[in-house]
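Just so it is clear, A, B, C and D label the chains in written order, and each chain counts residues from 1 on its own.
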Amino acid sequence: MPVVSLKPGYSGPVRDRVENFHGAYLVYVHWEGHLNFCSAITLPLPPTTPFAALADEILPSLYQADPGWSGVDLAAARWTLDGEDWSPDRTLALGEQGVGHKSLIRFWTA
Amino acid sequence: MVARKLSLKQKYGHFTRGLDWEPSYQKQEDIFPFATYEGIKIHDWNAWEDPFKLTMDAYWKFQAEKERKLYAVIDSMAQNNGQLGITDARYLNAVKIFIQGVTPLEYQAHRHFAHLARHLPGAGLRVAAQMQSIDELRHCQTQIHTISHYNKFFDGIHDFTHMHDRLWYLSVPKSFFDDATSAGPFEFLTAISFAFEYVLTNLLFVPFMSGAAYNGDMATVTFGFSAQSDESRHMTLGLEAVRFLLEQDEANVPIVQGWIDKWFWRGYRLLSLVGMMMDYMLPKKVMSWSEAWETYYEEAGGALFADLARYGIREPKYADVAKAEKGHVSHQVWSIFYNYAQAAAVHTWDVDDQHLDWLREKYPETFAQHYEPRYRAWREQAEAGKRFYNDGLPQLCQVCQIPMAFTEVDDPGTISFRVSEHQGEKYHTCSDGCRDIFEHEPEKYVQAWLPVHQIFQGNCGGATLPEVLDWYHINQGADNFDYAGSPEEEQWNAWMEGRRPAAFPAAAAE
Amino acid sequence: MSRPVSITLQNSQDGIAIANAILADNPEAQRKSFPAMTKIDCPGRLSILADSVSERLGREWDPQEIHMSVISLSGSVDEDDGSFTLFWR
Amino acid sequence: MNIDIQAEAITPRRHTFSHIARRFGVDKPASRYEEATYDVQPVANFHYRPTWAPEFELYDVARTRIVMADWYVFRDPRQFYYATYNISRAAMQQSFDDAVNFVEKRGLVAGVAPAWREAVAAYLLPLRHLEWAANMNCQLIADWGYGTQITSAAAFCGADRLGLAQVISRIGLVLGEGGDDHLVAAKTLWVDGAAWQPLRRLAEDMLVLRDWFEVYVAQLVVLDGLVYPLLCESFDAAGVAHNGAPISMMTGFLADWFADNSRWTDAVMKAAAGESDANRTVLNGWLRQWGERAHEALLPVARQVLGEEGDAAVAQARRQLSARLEKLGLTLGEEVPA
């Protein structure tokens, strides 16, 4: 439903268009079951980022503050991308396997 | 000669709406261009009944007297080092959130009630709106003057207007008010005067001010209670204004109901920050958020909505969700601030045993199971010298802008993720309430200035945290991080040491 | 209709006198005490009578002076020369 | 209490807020006026465009043609913040109340020549409607103006105008011995009386202005700058011959109020004009345009009160305003023939 405005055609700047992020997508990641991290985390990632880089470098840098992170086996994790089951391929870039601007990646570890 | 005396009502009529006249040289719609576009139909502005019949002579007299009393307390606090009388320096963090988050809203209310005082076609409502406009300026200025004294000794207060325009958690109150002021005059009236002032503001002021009293902050109590005396007038305006809209035309009912639904949820989400202050920042606690919600929403709101049922108004949508969440929200918001104390101009700290006992008692259904283990783990990490901080930036709700920490109503272990699409782009919200608000007016919320996204666009001083904090004007190492080890803690301990009788420190040192 | 109306007053000289007047003049009114303030609830309707408050204060009290003492209220307001009333319609 | 703590242990860590310190220096305690007024308005990162004016931000410098590098140069010489404002106005009101009580108790109005009583009712009481328009104009400035400094003072001025309208109404009740006949009659004059129509048209024309600084100039500088001297000097002086002193006692506060308000408007105009030639050009344009309109609109009212001396009285008020503006670096423009 459109917003009610004095004159037709009300609009303002759409602030978070993908072109405003210098080649990156915004990607949200969330480690399920670990609410010591209060919410999902926002990352600016170029779509060319390999999933391996996310799994091997980025996620550890974020989640190692949890003492339990060292025992996590991401290869055995369950993933969803934007609400659908997802089997990420380590060798592919995020953009090549369905990750878009403002996608949400959730994962469950044992 | 025998003087004829007009009744209070007749006199008040001449002194307010009697000043107004029907324009004939300019068109009504050119003088009041914003009066009709929201679809609200008013057939008879004269049907508006002013609940309080306050003329300017009485206004000046009462307000001047209130101000004399208040400033006497403020002066006395400055002269007597009143900051030493508070229960604990941690208490001051509630005051910091207040001046960073609430005081600028008082200011915005001042400006926008001036907008109503100019642009509402009904003279009676314009008079009420302009009194509220300067009242709100009063609240803003008395808060600044009161807290000015604390600013001399405590951190995080020093640049509150700059921070309000920029800081991540302050975009929550700012976007709330921007949402109201960017709406039409009737939505603003419903949003602020009714949904916020009448239905929800008691939750902000009454427990908080009573908490200030309980924690030795006499200055805040004084400005708070003094402001509340105006607030009662504002609340009454809110109730009568909504009643007036509902009585004027049946077609107004669904419009007003939609606004009540929206603004109840907007206000409720905003107040979750207040819940966090109440449950975590007051060293001596008056009541829990859950108890306050029961007293000031469930009881008072219940009576209100039962009364409005005659017009076809029902309780706000998702009030049941708010009720179901009341054992969770304050803890979830505290977790946000604990996660990000390195990037905030307030301190957080580890919850001690006595506090855990209180929380367990107040939240028997939820606390021990869902939150206590988390806090104990954090405390252990801190005791091991590894205070937990979250190094990633949070995902924010597109509408309320709070980090998306709220959980599913029936599953406190799972975050509630909602997503909508508009013109091919995804928008994430924290709840059904915020999702509905987005989907009702997507053209508005796509504009939201989300602090985390702005950082990644490069609009906030740089790519590193220290650069962003500089841009926020956070004094790093003082305004931010845990209370433990802060300059404030050191200062407070020195003060408390200084308060012991002279013989004792010497004995203790041996 | 017996939905509760409510008023919260500062624990000041005037506020205490008003609270006492309410409790005396509204038999169903109930007091709840909080730090620095007193909340009074009453089913349906509650009146503050100027004469009653004046007698307690030893001076003439104008109902408009309620603005000096009130913290919060719940219910519709009716204000006249001799009284201040909260009620649900 | 707590005097046992040594003074050095409780030395303040800072003197004022950072935004105040950036303006006035870090080592100076700030005044309450400064802390209450400077940089309080939000200036950046607004979330949504107004649904009623998406071409503007919620607070936007583009709402006026006046351009300022810093919007906090409009210091109010009275240094009003809410507390000082209300305390000042409570005192002003008290002196008015005292005057009215004095006049009423002694029945002094009865001693005023009846014709002059009628004349006063006819020129003073319709002005309460003009005050009401002034009130709305002040609300517009408080709404759309930029910066806490000028908008807060405008909000106070708006409250003043409602108060003035009410005080004039009260004089109407005194003249009517407690009844409201005079107020009703004065409203009819305002709405239908031929002498008042140019002024009412002017008031309504101002209510459709959208540039808030133009409203400031038209209402607070030009119209007030002509009406008040006319009222407080020429009209009041005409009452002397009719034993009008009791009326003057009651209306004396109008001159006091105008003098007080002019301290503020003079400071604002001086700062706006001093900023740039471009501003001065815009201001002079508004002064000329609204000066001509106001001059013409006041003539019939002045003639009604002063007869053939009415034109000279308006011209005199205009010369006063012109001299005032010249000191501020501004020009009202040439006199217009009636």
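What we mean here is this: contacts are C-beta pairs under 8 Å (C-beta built on N, C-alpha and C of every residue); 3 or more make two chains touch, one makes a residue touch a chain.
This structure is a prediction, so every number in the text was calculated from the model and none was measured.
Visitor: Determine the chain that sits nearest the middle of the structure, using the mean of its CA atoms as its centre.
Guide: B
Visitor: Name the chain pair with more contacting C-beta pairs, choosing from A-D and A-B.
Guide: A-B
Visitor: Would you kindly tell me how far, in whole Å, the mean C-alpha position of subunit C lies from that of subunit A?
Guide: 56
Visitor: Starting from the mean Cα coordinates of subunit C and subunit D, work out the distance between those two points in Å.
Guide: Measuring from centre to centre gives 39 Å for this pair.
Visitor: Could you give the separation in Å between the centres of subunit A and subunit B, each centre being the mean of its C-alpha atoms?
Guide: 31
Visitor: Enumerate the residues of subunit A that touch no fewer than two other chains.
Guide: 3-6, 10-12
Visitor: Among the residues of subunit D, which are close enough to touch at least two other chains?
Guide: Each of 48-49, 51-52 in subunit D touches at least two other chains.
Visitor: Out of subunit C, which residues touch more than one other chain, so two or more?
Guide: Residues: none.
Visitor: For each chain, which other chains does it touch, given as pairs?
Guide: Applying the touch rule to all chain pairs gives A-B, A-D, B-C, B-D.
Visitor: Could you pull out which subunit A residues touch subunit D in their complex?
Guide: Result: residues 3-7, 10-12 of subunit A touch subunit D.
Visitor: Under the touch definition given earlier, write down the residues of subunit A that touch subunit B in their complex.
Guide: 1-6, 10-18, 20-22, 24, 26, 28-30, 32-33, 35-44, 61-62, 65-67, 82-83, 100-104, 106
Visitor: Residue numbers of subunit B touching subunit C in their complex, please.
Guide: Residue positions touching the partner: 8, 51-54, 58, 62, 65-66, 202, 205-206, 209-211, 213-214, 221, 225, 228-233, 235-236, 239-240, 243, 286, 299-300, 302-304, 306-307.
Visitor: Give every residue of subunit B touching subunit A within the complex, in rising order.
Guide: For subunit B paired with subunit A, touching residues are 33-34, 37-39, 184, 332, 335-336, 338-340, 374, 377-378, 381, 386, 388-396, 403-405, 407, 413-415, 417, 419, 423, 425-428, 439-444, 446-450, 452-454, 456-458.
Visitor: Which residues of subunit C touch subunit B in their complex?
Guide: By the definition above, subunit C touches subunit B via 3-6, 8, 10, 34-37, 64-65, 67-81, 88-89.
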